[in-house]
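For clarity, chains are labelled A, B, C and D in written order, and residue numbers in each chain start from 1.
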Amino acid sequence: MFDARTMKLIAALLVSPALLVLVLSLPVSAKTITYTPQTVYFTYCYSHPPAARIASGDTVITNTRDASNDAFQPTMKTSAEGHLDLARVNPQTGPFYVEGAEPGDTLKVHLDKVAVNRDWAWGGALPYFGALAPEYKTMMVTPPVQDQLFIWRLDRSRNVAVLNMPKSKIGKVEVPIRGFFGTIGTAPYGKECISSLVPSTHGANMDFNEVVEGVTMYFPVFERGALFMIGDGHAAQGDGEIMGAAIETSFDVQFTVEVIKGKKINWPRLENQQYIMSIGSTRPLIDALRLACSDMINWLVTDYGYDKIDAYQLLGQTAVIKIANVVDPQYSVACALDKKYLPR
Amino acid sequence: MFDARTMKLIAALLVSPALLVLVLSLPVSAKTITYTPQTVYFTYCYSHPPAARIASGDTVITNTRDASNDAFQPTMKTSAEGHLDLARVNPQTGPFYVEGAEPGDTLKVHLDKVAVNRDWAWGGALPYFGALAPEYKTMMVTPPVQDQLFIWRLDRSRNVAVLNMPKSKIGKVEVPIRGFFGTIGTAPYGKECISSLVPSTHGANMDFNEVVEGVTMYFPVFERGALFMIGDGHAAQGDGEIMGAAIETSFDVQFTVEVIKGKKINWPRLENQQYIMSIGSTRPLIDALRLACSDMINWLVTDYGYDKIDAYQLLGQTAVIKIANVVDPQYSVACALDKKYLPR
Amino acid sequence: MFDARTMKLIAALLVSPALLVLVLSLPVSAKTITYTPQTVYFTYCYSHPPAARIASGDTVITNTRDASNDAFQPTMKTSAEGHLDLARVNPQTGPFYVEGAEPGDTLKVHLDKVAVNRDWAWGGALPYFGALAPEYKTMMVTPPVQDQLFIWRLDRSRNVAVLNMPKSKIGKVEVPIRGFFGTIGTAPYGKECISSLVPSTHGANMDFNEVVEGVTMYFPVFERGALFMIGDGHAAQGDGEIMGAAIETSFDVQFTVEVIKGKKINWPRLENQQYIMSIGSTRPLIDALRLACSDMINWLVTDYGYDKIDAYQLLGQTAVIKIANVVDPQYSVACALDKKYLPR
Amino acid sequence: MFDARTMKLIAALLVSPALLVLVLSLPVSAKTITYTPQTVYFTYCYSHPPAARIASGDTVITNTRDASNDAFQPTMKTSAEGHLDLARVNPQTGPFYVEGAEPGDTLKVHLDKVAVNRDWAWGGALPYFGALAPEYKTMMVTPPVQDQLFIWRLDRSRNVAVLNMPKSKIGKVEVPIRGFFGTIGTAPYGKECISSLVPSTHGANMDFNEVVEGVTMYFPVFERGALFMIGDGHAAQGDGEIMGAAIETSFDVQFTVEVIKGKKINWPRLENQQYIMSIGSTRPLIDALRLACSDMINWLVTDYGYDKIDAYQLLGQTAVIKIANVVDPQYSVACALDKKYLPR
């Protein structure tokens, strides 16, 4: 009778009539596109030919490769065995050209489904990566961390990632799978083409472990069509991705886009059941925090009628600050506010 | 029949027999001292005469002034009205000399009770304070934030702090009271006397919103007697204390100390029901994070039999990183690990 | 008989026979190209069509616009009057495709002539720029610096830049003209297209006040033809360009290129009469310093037979560290060593 | 007839009659005190008993130990052999109580003579020190630099420090001796007692290689008598002291003090023939730079009649920024301005 997506909407409406407004505001012709990636990209860039042209309201079903671009295999002990080409890591699926999206608009993306689609993942101590070792930007005369791959088994029936640790007393750890996308965003500002490893105002490699199934994200639109891309699935990751890699694997994903015309934002934002969040990316870390919290204050002032200093005081007493990444070329920090502080 | 503390212990034993070990390990003579501060101190220092001499296992009942040293009153609109003496802010109660504590030991402190004891608190935009404005260390040619006090009403019956915001659409916000101590620690290393505003290896002004009732903290002992002090009660505070002040008020407190002989630690640590945490303090922020996570790795290696790189991998995939403060002379970051990853 | 360039070479050879090796190693056909810019670019990018194709050994005579792309005029009092398009500032002349340059080579560029070519320049307090005010990355809730243009008169006969300061007791200041290029470099690594405002491994907007007439620079080649560009002439500038703009004007320039085949370098380098220098760019500032000094150590080890720790010790006792910029999206630091410490 | 100091004054007056004003302003009783240190101190602190009480205008002749407190000997190959007690390094000579100096005044100190007084010095790769290796604040999981002492021979007849480098092609390096004091300052603000390793508003361990013979320094007075101390002589040092130690040795020193009543400054300042300089100390490095340049702007506004934004513009185009240290608990940066920009 109804397809899954329609059923889901009906169910949602039963519990939240307010959603009706949203539903009615979508184009009647909202459709679902299934896209199997033929090509992947290693930069976010205005000049990539679109993988598909979609409309506001459309849903896309697709998948993503792991961040090594399949260079690593579960038999490997070190990253050196993978012969990584650093100009070709972190492959992205897309870009999706969203009709009607123009510079100055906002692209809203709902992550309908985020699911690991294979039975293993890799983590690792990669030379010149990681927050607790000399890296490509924190360069030192002492040696980097010693190269070592960690192969995690993904037990999807129990929803855990399992790693044997024969050298440690505990012997084995099991980490709950909480799949999310490390990299997600739109084409950058100013005709820049930026490595998919770099997070910035257009989103991209924020490596934020809250970009999970069910959340809604908002991205600035800098180019016609927005040119949305996604990749770098993580089965799980601690705050900050401090070792430089998460539990890295391939994913199936379903998302639904919407263009918010005439709504200009400066940084990516995220909304889940409890929080709204602004995500700033730069180095040093304190400045990423400042960007995130300043954007949240702007958000509260612009959309929710807060006086600026009142908003600052509110954040001072209630902000939840999350460290997304401290290992990428720019660090990412999220400033979150409980939605109970938003006026009706 | 039994005093409150004994009753509490009996109740705790009923739900957790494991506590029995702890109880039996305490000296038989463990006593409760009630101390009413006559003097307060504005530095953490080896040379302050002890407020009281207590034994390992003893419990102290005392109280703390607010961070302005009572300079602010609820009728004030600006901090200037309070004529703060910056050499005399953040008054500390103590120091408590713990018999038997010697350099190289660890002082364990359980926060039995943390309770606001008055009906109002202050927050504020203080010139040259706060993470989102030019401050005393991030000095600029542009003006600091405009001086403004925010007076919060503490509704202890409903356990909320209430602030009227007539200039904002929401009109009023209510923040749950979650009282904690911004400043807590021992005398510093190397015969330094350090302002109570500065957090470091000895603890002090970490402004960490997890230092709540019920947690256990661990501090390095650098001087005979440890010279434990406490102050700077906050009715609530967002992560990072980004505006430079929390919801500042006076507190009643009860805590129980224990000396762990021969156990040397480098940074303050905290344990609650779910997590163990290491807390590092320095600027810049990334280095505070590195100190906290490096200390956690050392902890896992030393006390829990983890291989060092395994511990790093585990943290990379599971660490919870909390921003304690980004406004004090040193920033503080906590690196937390779920206790389910500790081997039995 | 001989043209000016040949005469100059002969003169140089008379004082330094060693130059003969260099001269003989240049292609016999070394020629001088005069290029009048038709188009300018606002990114460093592999895909820009070359302005000209030149050979190793060739000399180019061309000119550059000022960083505002001629948006500012000497009658203006504020930057707002210029209606800057931030996606179209810092225009670059080029790119020059150097035949034979391939990824993994080094491009050597000698700045034969650097000369201001008009009689005025602008400096300014630009909102959200400058190291001593809230900026686009160090975002705050307090206001940015107040918009103000400073129009300098360039007195080329006396070689000074003159600014009237009626509000200051001194009334007027004269700063010696020491023209240099703020932006100079090759196409970036990894098919990135990067705003000309950003310095990185390919050089670009380092804003280093030692890039003056007479110096030799070395750049990594990441793309075929190297794609050298130049722009952002500064009549003078203090260390760090701390106000966010130098004494900005248009320039005439003559430079000579040479491809060093098979010589791979990681960061731009500079050589003048007294020093060799490595230039690192990133944020935070300490990491730019680390990159520069680490690269210098690598240089000493690779090209001059230093043991690594000996090189570190030598730098520790003799390094001259220069702050190039602390206002661009990445900061730049140069680590310089006196050439007397290089073995013959 | 006349002692050396008087002769020097007379000679100076012959070339610069303006000095007469200075001379006449000194107390008639200005005397020279020779002090042989019995005790040294490892903190800057209000509570140290004075080594001597001197008057404004007096001259002191004394000496200083090396920073290891004589723990290292020229036969040692590693710092471990020295068994350093980290709570007892960087010994200071003093404190000198200057009669009449009170909080809010400035202490002016002229370095009349700075001379190495022995024939060897040490440098080193000390574990957990140095800007290019993991250190005590930039803590990592990878190892620190490998422990190695470098013993320099001080050839005072030729005024060079000589280091053999058998592992390097150059074989030997000679660095000109340019002796200066790494640590110099007054008692800290707010009754803090701060390790002599830490630079701050009171000066102390700035490790600034311009603190040489002939310069004049200015320090804030925070305690009665100022309590001036000095130590940590360096035969030479590169900018930033990037390896964590300079060419460390013992010194003879002669200095003359003067109290400037009612002149309040916030940071140490230095004046030599060509420049005035402000020195800021904190981490991160950019904030030390901001403190130094902000203080210079304040100086220009307060003492030289500059409009604030004019002063900022002037610094933007002419500032010389010097990296004093990037290895101590706080980094130090000097912002220098050529005295030709000061109005008569």
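Details
The criterion applied here is as follows: contacts are C-beta pairs under 8 Å (C-beta built on N, C-alpha and C of every residue); 3 or more make two chains touch, one makes a residue touch a chain.
Model, not experiment: these values are computed from the prediction.
For the interfaces C-D and A-D, the C-beta contact count is higher for C-D.
The greatest centre-to-centre gap from subunit A, using C-alpha centroids, is found for D. Look at where the CA atoms of subunit A average out and do the same for subunit B: the two points lie 34 Å apart. Mean C-alpha positions place subunit C and subunit D at a centre distance of 34 Å.
Chain centres here are Cα means. That of subunit A falls 50 Å from that of subunit D.
Looking at subunit A, residues 132, 138-141, 145, 284, 290, 294, 297, 309, 312 sit in touch with two or more other chains. Taken together, the touching pairs cover every possible pairing of the chains.
On the side of subunit D, the complex with subunit A involves touching residues 132-134, 138-145, 284. Interface residues of subunit C, counted against subunit D in their complex, comprise 123, 125, 130-132, 145-146, 148, 150, 161, 163, 165, 167-171, 173, 175, 236-247, 284-286, 289-290, 293-294, 297, 304-307, 309-321, 323, 326, 331, 341-343. On the side of subunit A, the complex with subunit C involves touching residues 42-43, 45, 47, 86-87, 137-141, 189-195, 280, 282-284, 287, 290-291, 294-295, 297, 308-309, 312.
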